[in-house]
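Same chain, two partners: chain A is paired with chain B first, then with chain C.
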Partner chain A sequence: MVQTKKQKYLFLAFCLVPTFIMFSIFTLYPLFSGLYFSFFEWSGTSQTREFVGFDNYIRLFNDEIIPDTVWHDYFLVATKVIGIMVMALFIAVALTQLKIKEAPFYRIVFFFPNIMSVVVIGILWMFIYNPNLGLVNSGLEMIGLEEWTRPWLGSETWALPSLVLPSIWAGIGLFMLLLMGGISNISKSYYEAAKIDGANEWQQFWKVTLPLIWPQIKISILYIVITTLNGSFIIVQVMTGGGPNNSTHVMGSYLYQQAFTQYNFGYGATIGVMILVLSLITVVLLQLLLRRDRVEY
Partner chain B sequence: MNGLLKKQFGLVLMMMLLALLMYACAPDEAPVDDGGSSDEEESSDDEGSSDESSDGEISGELEIQYFVGGYGDSWWKEVISDFEEEYPDVNVTQHAGPTINEEMRSRWVSGDPPDVVYIDGAGSSETQMVEDDQLMNLTEWAEGIELEDGSKLVDSFIAEPSDYDGELYSLPLVFDAWGTWYDMNRFEENGYEVPQGFDSFMSTMGDIQENEDISPFVTTGQHPYYFSRGMLYPAFAAHGGNELLADIVQGAEGAWETDEAVEVMNNVEEMVDAGYVDSGLGALNHTQSQMNFLLGDNAFIPVGFWLPNEMEGDKPEDLQYGFIPSPMNPEGEPMAIVPDLRPLAIAEEAENPEAAKAFVEFVFTREYAELFSEHTGAIMNLEGVDLANNENVPEYLIQANEMINDPEQVEIFYKPHPMSADLETPISDSLVSLLLGNLTAEEFIQEAEEAAAEYREGN
Partner chain C sequence: MKRTFGERLVRSGIRLPLILWSLAVLYPIFWMFLGSFKSNAEIYANPWGIPEQFNFSNFVTAWTEYNLDTSIFNSFVVTALGAVLCLVLAVPTAYALERIRFKGSQMLFTLYISAMMIPMVLGWIPLFFLLAQFNMLDSIIGLSVVYAMSQLPFTIFVLTSFMGTIPKSLEESASVDGMSPYGILWKIVTPLTMSGIITVTIMNAIQFWNEYFMALIFLQSSENYTLALAIDFISNEAQYTNAWGVLFASLVFAILPVIILYSIFQRRITKGMTEGAIKG
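Right after this comes the complex of A and B.
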């Protein structure tokens, strides 16, 4: 049966229009209303709001906490990208190349944190970091490093670095699977050829594995960056609430504080616009930086 | 033909996007105040019609929003059920829970609020609601409310209602007094002296530290305003009276630099320097800090009356709650209490204001005040409630109640209204640094003054 053009476009519309409507309602509308509210002084709890033009944006540039939140966000981005990629790659290579018998078991173990809610992970790690009962301090005491113990999440210096570990721990599994998929798609013959040419395992990794799974690595890095810029808020909110003394506030948690604790919804929306702009710039820059020709052997 | 259809399809998509954009960017139906013009477009005088039946009886739907926290909801349920019995034509809808303030926010924003609101818990701010014109002005109406014995309600409060330029927008229902908790059994066993002022506070903390090798004092670093409300407010009140307290709360210029405020902050620094303040407090949340106290890791914690009720399931058997006003007062002078009031208010846009008023009037009786203490272990803001002879009221509350009513022991001070979140947040941030020993008292005062200046500028 030949499909008429009308049928074809009806089918196209059937596929696209509902998605487009959903996308418009849940993505475009909040995006534009966020932009709209950033020009108002509004508590977010009442009907009255006052148009203030660019006042919120001026305030954004004069707010001393904003540069700190941006720095904290990018600190988490950098440490998470490095930590997750190194660990995920290491584990993925180990589980696919080293012919470990228990590989399926390890795969499940490493993926496990991914099925847990970030809130649960945050609470779990709060116990691990607890100054009196926590695993970290007790462990340090046990191996005789008592002077290293400290209230990790309660210290203005150590709270932010302490958030990196749970974030990495929670993130490895997904990217490990992604990279394992990439590695198992590489034909064995490349490794055999490399071996015949005298390449050791390390050289095989750098010259064969890495170039061939570059697309997966690139996607992983982009994904980590985007989810960190948009989502690091959750772990901060659960574990430290941005404190002590703003030392762990990321842009998202500061937005939340301004909009919902300090009742400056308009200013919160302005911070949201800043997050959008910074995320876009970061992703575009990363696309440029990570651009590589596709390798085929 | 194919190209034409494609173009048309693209055009439709574009138009939909444009329509959405225009809708998104168009002002909502909410009145937009663009330059201070009046926004009082609806008066609250629409009462009477459908809400009052022909014989003047109160009827119709009544929506009540109340936060459920450490005090539970059993008292509310009993009162509301009694109210329904008294007013059978009124159908009460309850909106309650620990996150009810967030859940109901969209109703307030859309101009369809519940009729009665109990303002308490995270996500609610009486000051903000007054600033946003969301609460009904009760000044005149409240004058006429009488208690069971005919005495006027406004003359029977333990603590005065919040005052917004002489106007009354809420009636203080719960008298929450922040003070310092300790374990009476532990003190008795170890022979520690219960502090009566700052000097004895320091010496007791010294004894505890020496004897048990712990930091005696803990508070939550995630909500540093607990320290402000629990320790600093009473300290400012004891040193500088209501005047200093009002200046601090309202962000008056130079308030933090007065001799009295400087002395208080130096005292705090002294506590930190002596190692009496738990260095791990920065990470502790509300429950963790209270758990620390229950587990005996610390000996003093400044929180409100909710502590025993909220932590009932976790209390070690041998712990016996003791409550004192925070001992930040000069030794030998009366201790100070600054009540933190949790008010009941009526929405400016209440759909059934008559029933709302009837409910508020119904709640404020000495009978329900006594019942409140039985259910929650806290005090309702009414004078002359006999708790001493009620065996359902916990011991610490009877003692605290006696103390509060004895002017020789304890003096009650008042802040004009709660501190605005815009002022409290930056001060709290610096306060954590001070408590962690990363700021000196002098640096803290400077930062607090800067925060106050910024707050004044923004208002």
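Right after this comes the complex of A and C.
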């Protein structure tokens, strides 16, 4: 049977149009409409939606909390990138290069937190940090460092750093697997050649492994940065709600507070635009920064 | 080859952090299971040890007094509905993008893919009012649609790469035999892509089951709460009621399906997630 042109286009429309309509309504329209909302003052409930031009943006630049939220986001980005990459690299190299019998066990265990709900992770770690019952404080007491115990999530200085550990805990597995995939694709002959040249294991790591898995490292870093900027507020919302005294608010949790608890929907949308712009700029800059000639031996 | 003493030392030196990290991952999870069997008094007296006796009263209380039965049911509905809707929308589009040549196909694909990287948090404010207009705010159906749409780009992306591996000759011979393109899509391509469909659906289902923030925004009344919201509610309330045992029991309810899926489909899940990240 030869299809007529009309039949072909009918089939094409059947495949594409319903999905695209849904996508336009529930994804494209809200994004563009968010941009539009950022120029209005709107409490949501009433019909009075007032066009205010760039007022929300002026307010954004004068809001004292905003620079803190941006700093908190990038603090989480930086600490997560370093923590996850160092640990994931170590684990990936250990599990692939040194023939450890129980390697599959570690792989399965380390990945599991990646598919746990943020709610479960957040609540578990709230208990680990609990001032009276928590593992952290009782552990410190056990090794005689009582003066180091503190209400971790209740302290303005320590609450934000305390959020890093659960994020690393939950994030390592995926990147470990990514890097392991890269390492196992490296041909054994490179290592043999390096050995003949007298390179020790440490040098092999720096000269052979690292350059050859650079693409995977780059992808991992980008992925951590994007997911953190677009989603760090979830763990913040569960564990601290932005407190104490705004010391853990990130851009997303501040947006949630402004829009959905204080009903400043216009201003919330303006914060959303800021998140969009910052994450786009960050990704573009990172791509330039991480560009490195492809290594082939 | 005999190993030297030094090599053995390095080996055990590297094992130690691996063992410690496994403990750091496993212990909190075990501890959550243990806690769900303890009374509140015991949680205070002996927070990190083995319970004196295993009793299931926390689970019963969570189920009956905290309406966890409704929340679990809601979570199941949202998960199933979201996953099915996502597939229904993604399979035909993935097929058309992968197999049919038409103007703008590359552009449409890029549009869907770039939606994976855009922070949706900006869209949630207009989406809130949109759902209100459609009478889909504070509704399980509305949330399912939102969930399905949130995973649509990822699903299209995974499915196109799976469909790319099917040999074209099968479709061509079916077409010569007089099968319509609809028949080819339904009877040939879909069964051959089943492996990809299963992988992506498991991952979507876990995502929907775990999701918290969109549920927080788009649901309001407690009879519509999903499990994640119900747990968050119990957790906030436990500051005053000290119902920690119930909280642990509800965490167990939340994590059990994920553990079961992970133990059955471990390979699929890890493979799907790493490939999604590499190409995405």
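Just a few scattered comments:
As a convention for this text, the second predicted complex is superposed on the first by the 266 of 297 C-alpha atoms of A that agree within 3 Å, B and C clash if a C-alpha of one lies under 4 Å from a C-alpha of the other, contacts with A are read in each partner's own complex, and residues count from 1 in each chain.
Throughout what follows, contacts are C-beta pairs under 8 Å (C-beta built on N, C-alpha and C of every residue); 3 or more make two chains touch, one makes a residue touch a chain.
Model, not experiment: these values are computed from the prediction.
With both structures placed on the common chain, the touch criterion links A:F260 to chain B and to chain C. Of the two partner chains placed by the overlay, only chain B lies in contact with A:S155; chain C stays clear of it. Of the two partner chains placed by the overlay, chain B and chain C both lie in contact with A:Y29.
After overlaying the two complexes on the shared chain, residue contacts for A:L210 are found with neither chain B nor chain C. Once the two complexes are overlaid on the shared chain, A:S43 sits against chain B while remaining clear of chain C.
More residues of chain A are in touch with C than with the other of chain B and chain C.
Contact with chain C, but none with chain B, is seen for A:F111 once the two complexes are overlaid on the shared chain. Touch criterion met: A:Y129 reaches chain B, while chain C stays clear of it. Once the two complexes are laid over each other on the shared chain, residue contacts for A:I100 go to chain C alone; chain B is not touched.
When both complexes are overlaid on chain A, the residue A:I66 reaches neither chain B nor chain C. In the superposition on the C-alpha atoms of chain A, the part of chain A touched by chain B in one complex and by chain C in the other spans residues 12, 16, 20, 29, 33, 35, 44, 126, 260.
Within the complex formed with chain C, the chain A residues making contact are 1, 3, 7-8, 11-12, 14-16, 18-20, 22-23, 25-27, 29-31, 33-35, 37, 44, 87, 90-91, 94-95, 98, 100, 105-120, 123-128, 133, 135, 138, 169, 174, 177-178, 181, 216, 219-220, 223, 226, 229-230, 233-234, 237-238, 252, 255-256, 259-260, 265, 268-269, 272-273, 275-276, 279, 283.
Residues 11, 14-15, 17-18, 21-22, 24-26, 28-29, 32, 43-44, 47-48, 89-90, 92-93, 95-96, 100, 102, 108, 112, 115, 117-130, 145-146, 149, 152, 175-176, 178-182, 185, 206, 209-213, 216-217, 228, 231-232, 235, 247, 251, 254-255, 258-259, 262, 266, 269-270, 273-274, 277-278, 280 of chain C are the ones touching chain A in the complex.
Contacts from chain A toward chain B in the complex involve residues 5, 9, 12-13, 16, 20-21, 24, 28-29, 32-33, 35-36, 40, 43-51, 126, 129-132, 151-156, 159, 240-241, 243-246, 257, 260-264. Against chain A, in their complex, chain B makes its touches with residues 1-2, 5, 9, 13, 16-17, 20-21, 23-25, 30-36, 39, 102, 105, 108-111, 123, 125, 128-129, 131-134, 221-224, 279-285, 288, 292, 297, 421-422, 425, 429-430, 432-433, 436, 438.
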